[in-house]
Amino acid sequence: MRITRGYQDWPAGSVLVEFGRTRVLCAASVQEGVPRWRTGSGLGWVTAEYAMLPSATNTRSPRESVKGRIGGRTHEISRLIGRSLRACIDMAALGENTIALDCDVIQADGGTRTAAITGAYVALADAVTWLGAAGRLSDPKPLSCSIAAISVGVVDGRVRLDLPYEEDSRAEVDMNVVATDHGTLVEVQGTGEGATYTRSTMDKMIDFALDGCAKLAQMQAEALAAPYPGELPGAKA
Amino acid sequence: MRITRGYQDWPAGSVLVEFGRTRVLCAASVQEGVPRWRTGSGLGWVTAEYAMLPSATNTRSPRESVKGRIGGRTHEISRLIGRSLRACIDMAALGENTIALDCDVIQADGGTRTAAITGAYVALADAVTWLGAAGRLSDPKPLSCSIAAISVGVVDGRVRLDLPYEEDSRAEVDMNVVATDHGTLVEVQGTGEGATYTRSTMDKMIDFALDGCAKLAQMQAEALAAPYPGELPGAKA
Amino acid sequence: MRITRGYQDWPAGSVLVEFGRTRVLCAASVQEGVPRWRTGSGLGWVTAEYAMLPSATNTRSPRESVKGRIGGRTHEISRLIGRSLRACIDMAALGENTIALDCDVIQADGGTRTAAITGAYVALADAVTWLGAAGRLSDPKPLSCSIAAISVGVVDGRVRLDLPYEEDSRAEVDMNVVATDHGTLVEVQGTGEGATYTRSTMDKMIDFALDGCAKLAQMQAEALAAPYPGELPGAKA
Amino acid sequence: MRITRGYQDWPAGSVLVEFGRTRVLCAASVQEGVPRWRTGSGLGWVTAEYAMLPSATNTRSPRESVKGRIGGRTHEISRLIGRSLRACIDMAALGENTIALDCDVIQADGGTRTAAITGAYVALADAVTWLGAAGRLSDPKPLSCSIAAISVGVVDGRVRLDLPYEEDSRAEVDMNVVATDHGTLVEVQGTGEGATYTRSTMDKMIDFALDGCAKLAQMQAEALAAPYPGELPGAKA
Amino acid sequence: MRITRGYQDWPAGSVLVEFGRTRVLCAASVQEGVPRWRTGSGLGWVTAEYAMLPSATNTRSPRESVKGRIGGRTHEISRLIGRSLRACIDMAALGENTIALDCDVIQADGGTRTAAITGAYVALADAVTWLGAAGRLSDPKPLSCSIAAISVGVVDGRVRLDLPYEEDSRAEVDMNVVATDHGTLVEVQGTGEGATYTRSTMDKMIDFALDGCAKLAQMQAEALAAPYPGELPGAKA
Amino acid sequence: MRITRGYQDWPAGSVLVEFGRTRVLCAASVQEGVPRWRTGSGLGWVTAEYAMLPSATNTRSPRESVKGRIGGRTHEISRLIGRSLRACIDMAALGENTIALDCDVIQADGGTRTAAITGAYVALADAVTWLGAAGRLSDPKPLSCSIAAISVGVVDGRVRLDLPYEEDSRAEVDMNVVATDHGTLVEVQGTGEGATYTRSTMDKMIDFALDGCAKLAQMQAEALAAPYPGELPGAKA
């Protein structure tokens, strides 16, 4: 896995995350104010949108903006990312600011949603730092933990982490796990693909995943320990 | 829980399932042929759509047909139901027939998606029987197991099965588990609601859920053991 | 015809109406305030939406929310129901409240729109009572009359009331009549189905329909004379 | 009322109809073949679409193509026009051709739907003549009667034909009647506008309307008796 | 070319413009206020929408409102018209009024967008006069020049003005030029149709076009010099 | 300007083009067959779609897939790119293959459409080479010339090439020119931004633009002269 911070100039946080051939661009844009239903609450908001470039997949996939509607898979992943990242942030400390996380898949080869979550955390952390520097936080430490995600699969009866697309597509079970750097769980989604799985297989997958997430958390921490590359982004709304 | 078979006259299977105040109408309609991408494969297909009546919720919810688009939650649950039910059926035995599962929530009080899956299995079983009686199955036994689902939550630190809406909305963790009557897992979705949860809480929730699903499987079996109420549906496409 | 009040727990009025095999669930939900164009007028509003469950028809019909647009027939019937029910209510007495009537067809066998109007009146009456009990009416008696509707058809040259689908679909003329319990007309819609009809046929159809509506009005009055089944709905917005 | 045939050059029939200030352009375009569900039946099809220019109304109305959806009123009127015109044509004689009737309101001042029907009949008759001349009819006489429509209203207690918008908007009852030149009825739609009406008012409105339609039928016949203005349209698909 | 002012009764300006067989109805409707993003600026706004009647083309074209979305060509031309007309008007002098220009093609035979611009200018001038008469302008002379547009094509190697559809469709280069009566350019759009063109061809096309626009400007001036036909429109919002 | 070929692994051509801070990813995907209206003609097709990542702009822009419709600007630019690239390719030599050009703006700072065209040509050339290597061309040399594009603006009265966003937004005239390496023109679009411009300004802008395009053509040729970076893409549909 490789994490490149400051990939774009305009957003407050912009991270290119690479897992094998999978590449996802995660941007965190700061917007003043919060959605209408939250206005006046003193609380901030974090939202996420996931999408894939048509050219990201092995055979070109049609553009959702042209089809005029977002597919179920896109919807589902966008909701998962938003929910996962909201678990690490204290909305009161954030104050009435919205952080929009855009996760755009540049190239897909399995594990795009977990890569997106892992990268989005880093972008979010940079956006929070930027907000702090701009004196716009209600409290200086809104992040209570870090968030990373990994996929686990069972192929030919063996549990494996982060399968590339070719193996993923013949996995018998597919699980996505989102966890914190404290080792607690945020979200677990396990699906038998045309098969069912036993309780013990599940336990083993969780073991593997928590292990994997711990390593990712360390890499996120290292990436964030480095100084921000280039000048700090300036012209955010 | 109460299961009423033969609730509607036209579909090959039609089940009203009631869990506390939650009431979901699950209909299984048989359609000749399969979607285009599957034609000629000799395999059948099972698909599902979930929806809520506007009047099903405590305060009226806007109609998705009027808004002109399906929300993310609806999309997500429809996909979950279809995926779950496809786990119990042998598509080759089904032959090139499609079974459409419509799960319409008449009244909502928590646990609508798990009630929908549990009821949809019974409707699916009736539709399969109907197809068999009509001589339209490639193989007489397409169902390899039964499918039931339950929700588990943690409220005030205690693990609880099938919370009504009021408690559900203040649950710290919310998990939906889909399992077979053999005790294997089909789908696990666990979400920390603004909180994270430990591995041991997760294990305990799975224990509770598998237990609950076993009881539901028994109730499904009993319901299906009774003769079909009224005349068998006749005029299916 | 059978009228079941209090079918759902949440809406202020909820009626299941059954005409032969046709079953329509009519819910009346109270919302504070009125649409923007009416705000500040001191007048209330009544609106209606009609829809059919996919499983309600002989062969499954596609879901309009999935298609992303409401069909012409649905639009037309929703408008008819709203217009018809607005004829019996004094908007000034209602005060700035909106009553949303949702008519969802559970099972269709001809005459769904007239069943919907007939049931919606009862749900509306219950919602008005509920509003009165909550002290939210500007005037205690907003309903000036009751509204019922019936369909009349000509089959094989004979005028007949309320045809089931099979006969309805080969009717030469099809008419829907909405009338009050005072015997006055609210709406008449008569259509030659690939045929035209004479003035005298029309007169005869109106005679039959007014007669039929008078009987329905009596059944509505009887249903409303009974005490509200179960506890009064409480948690309306 | 004024009828101008051959208003546009391309469609097989094109009629500008003027009723007071109301002006509707009715075009009948011939298309080879019929909708898929009718293919192979040997029968033709007639369909209609009604629309209003944004500039046709007293205050500009938003464009439905820009809103991205057709309103209920537009849907309803399009369906009424199609249904009405299908009553006069023998689909077997038409052969597998489709005639699309486009009724575009250039200027609105009440009675646009009835003007549209009345004009559409003349355009349809011209299109049928054109099809006959092209040797594309299965039978030379597909039209069994002519179709005209008129609106009747009750204003200040008096029954009146074809009200302009200003009077129409304060009518107590509004009725649209579609009739043939044989004096039979095709469609009757009568609506109390915030009021109900008695059976005897209804009878009187029908009397007035049938009278009015008879006069319109005569004007249509006269218009069609004249030779086609200019060269016959040529390049139809 | 023929320009007919006052074609419709309701809009503040309404012009039918005819170029050969091409006929476009250009209406200028005045609306109080400006779009939200401009409110409080003291500036006015001019917007445009272009559309084609389905019956305007040689073979019927489907209605964009029915398709539920506006095509790329329509979008493009609407934007071109708005941009072009905004070049001649002083938004501060207009005050916080919006003028909506609706250009509806009644019959198409090439050059509809340039005819629309040329006609829209005349409608705009009438709307401005109307606003002045109503005392609603911040400054009495908001129009700084007139705007006309013409198309130029190269067919069989020869440069030609305003081609009818049949020739236009086999043009090698197609250019639309919008110019003022001072001979300056507002917009130039030149496209090689499956071919490229030399700099000298381009120069020659611009020469022809500027010449053509100068003649059109004179015709616009003559049309506007005549008194307004009939009574001035009154009931604008 | 910098051109990076082989940026993505799956598409037959994939180019990252950078002009100042503007970065556009241009992918050329090969699809067997052509759109239905072209099937059986023996001719190929080239189509293009342009889009912007929400995070590409100075302040985040809403996602068009979420809005459910493509904006006018996006539509316009997609059409321009497709038209421009179709000018350089011999559709008969291409055979019945479609090349889809996806131009996704990663970062925007003025001149995104011209950068997209310039990059798309290089991606197209790589896709054509790939098709040739796969033996799927009807004729080995389908490209008759190269295509590049540049924007020219007038700022403070001076003609300037390729303005960054900040200067572009205050340009008095804005022109986009698409030209071939033979010095001929493909498309010219010049717009006065709230101002008009003289013929001589226009001439000067074209001079600058043709000059600029010649330089870009040379850079494209140099980029394409290098060997393809990494392995050739393999798994195209």
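Residue numbering begins at 1 within each chain, and the chains themselves are lettered A, B, C, D, E and F in the order written.
As a working rule, contacts are C-beta pairs under 8 Å (C-beta built on N, C-alpha and C of every residue); 3 or more make two chains touch, one makes a residue touch a chain.
Small disclaimer: the values here were computed from a predicted structure and weren't measured.
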item: Chain-contact steps, minimal, separating chain F from chain D; value: 2
item: Least hop count linking chain A to chain F through chains in contact; value: 1
item: If a chain touches chain C and chain E alike, it appears here; value: D
item: Pair from E-F, D-E or C-D with over half of its contact pairs in common with A-F; value: D-E
item: Inter-centroid spacing, chain F versus chain B (mean Cα positions, whole Å); value: 49
item: Chain A-chain B separation of Cα centroids, rounded to whole Å; value: 30
item: Rounded Å distance between chain B and chain C, as computed from the means of their C-alpha atoms; value: 32
item: For chain D, residues that touch 2 or more chains besides their own; value: 68-69
item: Order of the ring members, counted from chain B so that chain C is second; value: B, C, D, E, F, A
item: Interfacial residue positions of chain F with respect to chain A in the complex; value: 8-11, 14, 21, 25, 27, 29, 31, 49, 51, 53-60, 63-70, 74, 100, 102, 104, 106-107, 235-237
item: In the complex, chain F residues that touch chain E; value: 69, 71-73, 75-76, 78-79, 83, 86-87, 145, 175, 179-180, 182-192, 194-199, 202-203, 206, 210
